[in-house]
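Shared chain: subunit A. Partners: subunit B in the first complex, subunit C in the second.
Moving on, here comes the complex of A and B:
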């Protein structure tokens, strides 16, 4: 009796910390454009200085719930405030489009439902993760360098010219059409070179090394987003309040496939974010043309034939949001969950991502943790989804009254204060300003933002292949 | 097929070569010949290269005689139709190939004015539609008034969708197509074209000995860029580069590059447009087998899925041998392919059959599809 009571105490404490983590994650989402891993890093720093704050057995559930909650509730700043991190490519464009039409509620809740679907997929795929995934992870493990090389190659090659090619000479036509492609290649190259320098030459002070990527990412993603919003004078209109969401069950069926594919790519492949995962998944699973635009009998005066736009075209916006929400949680949470897949083939798990990196020095996953983590995800996810519904309703009522400029300027100051405090002081601020310059190129020239991820993709791919040192020597960095 | 399909197909083909997989294995692993090579990436790059050359370079070097760039504020359907009629008459009068390019009408960052072009034997009709978003969703109530909505122009020569200039290669493909699919449908018409977002479209018009004008859709697409001989030529620098850099197994690099390129061309031949697969020996674009539409999601998805499974199958059996390939592996290769390739594809096609039936049930009237090979899809990513 006593032993069962004693065993139940840690469980109750763990649940308490899961709830605490969920609410902490929700609160931290109020800082627009700040990444969860930055927050997790700060929380880790606090825990390291005061270990009695969280008992060891509750450490992983606490951080897991922090990330789960963030996956749900960062939908609010992303949707209503246009605050982008490096995963924003998964949902940002349709969200903004809906908010400008006063349908922010649909955008936020569809993304949230996608994230909730992601929670269910993570739980339902238990057999897949346990019996099949270790084989895939072990078989592909020795080949990750070229798989990342494929991601890079496809990522660059699949950005097509957005101009129609107007101009009298081939050069003028080429220049007009290639604007975004040139900008993309430039961004990618600069980010890759920066990444090679940054990984070879330690710039940050040793005490900030566990967060050394924070100023880089804030510069690439957060600051340009804030500047863009300030320049564009973005003001969301008054939002509609409705009792229903504009989606059907079949949308979740269609959205689950790209959500799973993109999510698994982002969760497993190092430096592949939700944005890149969503892009690849879109190419792999696009079923829009399952019903194509058709010419039918004329329907209005002057029409020769009526071009009928199929429902599948309208559905794309919803699918994008649902799959984007799902990819987000598989990227943030799935990557960490894989740390707990402890099998004979994967004795150290297959975990990746910032949180795994942050926790690895102080935490070791043990057999039996995986079901606990699934329970944590389910509890935290359910709570976070309820919080999302409440926050969305609140945001719909107040967003048109918010002084976004003030919010963004405050965020900018806060972001710099955080970098100064835990991100390497002035060195960190200098790094973030340098990467801001690169991160502004996509903002001005309309290419993909995720080109900035070359900062990690290229050095990681080269290091995995064993060429990292050779390239660094060639560039005279070491 | 789509770019991603060609990309992964090329990669999958390369992984069938055991030596390629072994040298691609990270040197940190105990696999014979492991060298951490990026050679497989070449197959992906070259798998996408033919369309990259076309859509990123070739199209901007074209010199169309007629350019139709409608006024965004008030596009005139009569003028657009008249320009096409003039182009047909010019082609008929001179006997030379005349090209005409239609530009999209961009109104703002996310707004485009859509227009459709309908072709008849001796006339063309243009219809200006609603404003559409970049997702090709029409904005209700934005169609022009009835008197400015559409117009028709006639021309002096008859248009035809298929060329009569047929070389031995084209005849062979036609014969093969008829063997596979049965006789070509009689009275094939030129499908309508919709111009809306991002990219322009171009047609080639050329009078043939029978006095009719052959309508060639995107005449610059799948020409010299889709030739096996060009693939060979482009793989030479890869051979040389690998040799000069002193890379072990240097000869494999050019071979893998060519393989990726060749897989693309072969896949394209299953579609409608085909390609100039023996350029410069034979410059004419050879028709495809017309088995699939390039944009058909079922074809693209099933090929990508199959390629993905085959990649895992190959890299495992030629390196780690955990899943198949060794006596102590988890399962036999037959069971692996049955469970992870055949069965999922069977389920996928069964589900798609039901979905498509449901979609068709919802649709009404007698639909007429757009362009021949699905390249009217938005070139957005």
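Moving on, here comes the complex of A and C:
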């Protein structure tokens, strides 16, 4: 009898740490611009110096629940406060649009439902992950460099001219139309050059190398978001409170396909984030003939032009949010879950992503961990979804009263303190300032922010293709 | 507030001239002055195409973004160019150093070349610890740069590479750029008289030149065959056990001759111990350079 109690103790402790991880993640990710990988890095450092804080067997469940919770709860700052991270491309545009219309609740809960659907997909696709995925991973492994090359080519080509013919002269119209394309290519090129230099010869102090990419991402995504919000004087209007979520169950069927495709791309391909995955998945799966929004004659007094938006657009908006939520969790959680797919074909798992990298020095996945991780995802996901509902209700009530400038300036100070403490000190801060400038180009020229991911995409693709030394030699960084 | 009806889309710019500039709070600066649609940081309203009256600050931000990006990359390049990867002791490597670019120096205690997968792997020991160095899919690239001067066992090397610290695999380093490997000394191993070898030398490696004093075979409890060669150089004698696999890896002639008393051999060996007595562990019996019979 005693022995059975003793055997049950580690499980109870694990559950306790899963709950702790969920609440910690939920609390921390409400701080705009603070990424969970920053928190995970600090937590790993703490654990490495005081290993009694978390028992080894509860380490992976704790970190997993931290990330699951982040996948759900970062919807709040992303939706209501406009705080974008590198996965924001998956959901940010329609979210911001809905918040400005007072429908932030819809935006947050639809994204959250998409994330919950992602949790169920991860669990229900257990046979796929265990029996089929290893073959796919094994077959595609040697070809990743040219697959990444295709991703890069598709990504650059998919930035199309906008502008709608505004301008008094042909040159001005040309400039207006192609501005975002040039800005996109410029951002991509600058980020790629930065990444090539940074990976060929990192300048970070040795003691903080495990977090050497943190200042880069904070500069690319977090700080420009804060600057954007401060300059634009973003103030969300009063939000509607509704007892219903503006979607039908069939929307989840439509949203699941791009969600799964984009999520798997982001989870497996190195340096492909949720934003890039969402873009590719949208192109892959969206075959319907969608009517475009158009200007029509005024229909109400005082209207200059009536913007007619076809019904399909609204559906697309819903699907975008649902699939975006799903892609987010597959990107953050799925990438880490793949570490536990230990089969004959994949004896070391196929895990990718920031958390896999952070934990690698202190943690090894073992056979039998996969079901534990699935249970962790389900428990943590369910708790986090409940927390999301509560947080959304709270946010809907208070968002129009919040002093966003104060929140953002506080976040900015906190982020710089974190960089100084664990991200390389002054070197890290300098790096983050340089990447901030690159990250501001998409913000102010209206192109995709995910172009900044070239900082990893290009060096990884070139190194995988065997040209890393040629580039380092060309840059005279040997 | 009534706006004139527009016949064409470009007429928005004409309307702009008639609209007074908002003089009220900063909030106005983010709202389209024509249609009052929220425009964020864009310079042009996405709904009606009108210019937003805050172009100066946005333009300034744009200039800062581009100038700062170019300057930032230039500074990064200069910093990287001037940066000298720090030299560290292998024993001092800790988890937060994962992914660091560092320089280590040490003796090659093991090296494996694999032509099939175009890779080579070696173990470096600097006296404080040892680390595996992996040059995956880079063997031909290294040979192009180093030619015949590729590292051998017991060379003293300096390598600069990226640390990879994993609980499963321990400390290792990825070596991808041939120019970042430097051979500091060939055969950085001293000759040693057998009489001078003590237990304090355990873990060290020496060249030993001696004659076979005796040879015998015996079977271990687990059934493995041991070829026990006792060597003597006039200053003392020492055992050199060879496991069956090691013995079989010797060239046939060498294998036969070390069974004969009086055969002179030159062997590179690590110093081990058995029952508080030092013994020799040949570094690489399969390579005649490290284990050869002297005529």
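Note that in this section the second predicted complex is superposed on the first by the 443 of 478 C-alpha atoms of A that agree within 3 Å, B and C clash if a C-alpha of one lies under 4 Å from a C-alpha of the other, contacts with A are read in each partner's own complex, and residues count from 1 in each chain.
Simple rule for what comes next: a contact is a pair of C-beta atoms (placed from the backbone, for glycine too) under 8 Å apart; a residue touches a chain by one contact, two chains touch by 3 or more.
In this text, all values refer to a predicted model and were calculated from it rather than measured experimentally.
A.B. asks: Determine, under the contact definition given at the top, whether A:307 touches first (subunit B), second (subunit C), both, or neither.
C.D. replies: After superposition on chain A, A:307 lies in contact with both partners, subunit B and subunit C.
A.B. asks: Just to be sure I read the superposition right, which of the two partners does A:295 touch: subunit B = first, subunit C = second, or both, or neither?
C.D. replies: It touches subunit B and subunit C both.
A.B. asks: Quick one: is A:279 in contact with subunit B, with subunit C, with both, or with neither? Answer first, second, both or neither.
C.D. replies: Touch status of A:279: first partner only.
A.B. asks: According to the stated criteria, A:234 is in contact with first (subunit B), second (subunit C), both, or neither; which is it?
C.D. replies: So A:234 only meets subunit C here.
A.B. asks: I'd like to know which partner A:466 touches here: subunit B for first, subunit C for second, both or neither.
C.D. replies: Touch partners of A:466: subunit B and subunit C.
A.B. asks: Looking at the overlay, does A:435 come into contact with subunit B only (first), subunit C only (second), both, or neither?
C.D. replies: The second partner, subunit C, only.
A.B. asks: One more residue to check, A:202. First (subunit B), second (subunit C), both or neither?
C.D. replies: In the superposed model, A:202 contacts subunit C only, not subunit B.
A.B. asks: Scan A:345 for contacts with subunit B and subunit C and give back first, second, both or neither.
C.D. replies: A:345: touches subunit B, not subunit C.
A.B. asks: Touch test for A:159: subunit B only (first), subunit C only (second), both, or neither?
C.D. replies: A:159: touches subunit B, not subunit C.
A.B. asks: Which subunit A residues lie in the overlap of the subunit B contact set and the subunit C contact set?
C.D. replies: In subunit A, positions 164-166, 295, 302, 304-305, 307, 466 sit in both the subunit B and subunit C interfaces.
A.B. asks: Considering the complex alone, what residue numbers of subunit A touch subunit C?
C.D. replies: Touching subunit C from subunit A are residues 44-45, 48, 96, 100, 164-168, 176, 186, 190, 193-194, 197-198, 200-204, 206-212, 227-228, 231-235, 295, 298, 302, 304-305, 307, 348, 357, 360-364, 427, 430-431, 433-438, 440-441, 443-446, 463, 466, 468-469, 472-473, 475-478.
A.B. asks: Given the complex with subunit A, which residues does subunit C contribute to the contact?
C.D. replies: My answer: residues 1-3, 5-6, 9-10, 12-13, 15, 26-27, 29-30, 34-35, 38, 40-42, 44, 47-49, 57-58, 61-62, 64-73, 75-77, 79-81, 83, 85-86, 88, 94-102, 137-138, 141, 163, 165-168, 176-180.
A.B. asks: Which residues of subunit A touch subunit B in the complex?
C.D. replies: Answer in residue numbers: 97, 135-136, 138-146, 149-150, 153-154, 157-162, 164-166, 170, 173-174, 177-178, 181, 279-280, 282-297, 300-305, 307-314, 316-317, 345, 464-467.
A.B. asks: So in the complex, the part of subunit B that touches subunit A is made up of which residues?
C.D. replies: Residues of subunit B touching subunit A: 2-4, 7, 11, 24-29, 31, 34, 36-41, 44-45, 48, 52, 55-57, 59-61, 69, 103-104, 106, 110, 114, 116, 118, 125, 127, 129, 133, 135-138, 143-150, 192, 194, 198-200, 295-298, 300-301, 304, 312, 315-316, 319-320, 322-323, 330, 352, 355-356, 359-360, 362-370, 374, 377, 379-381.
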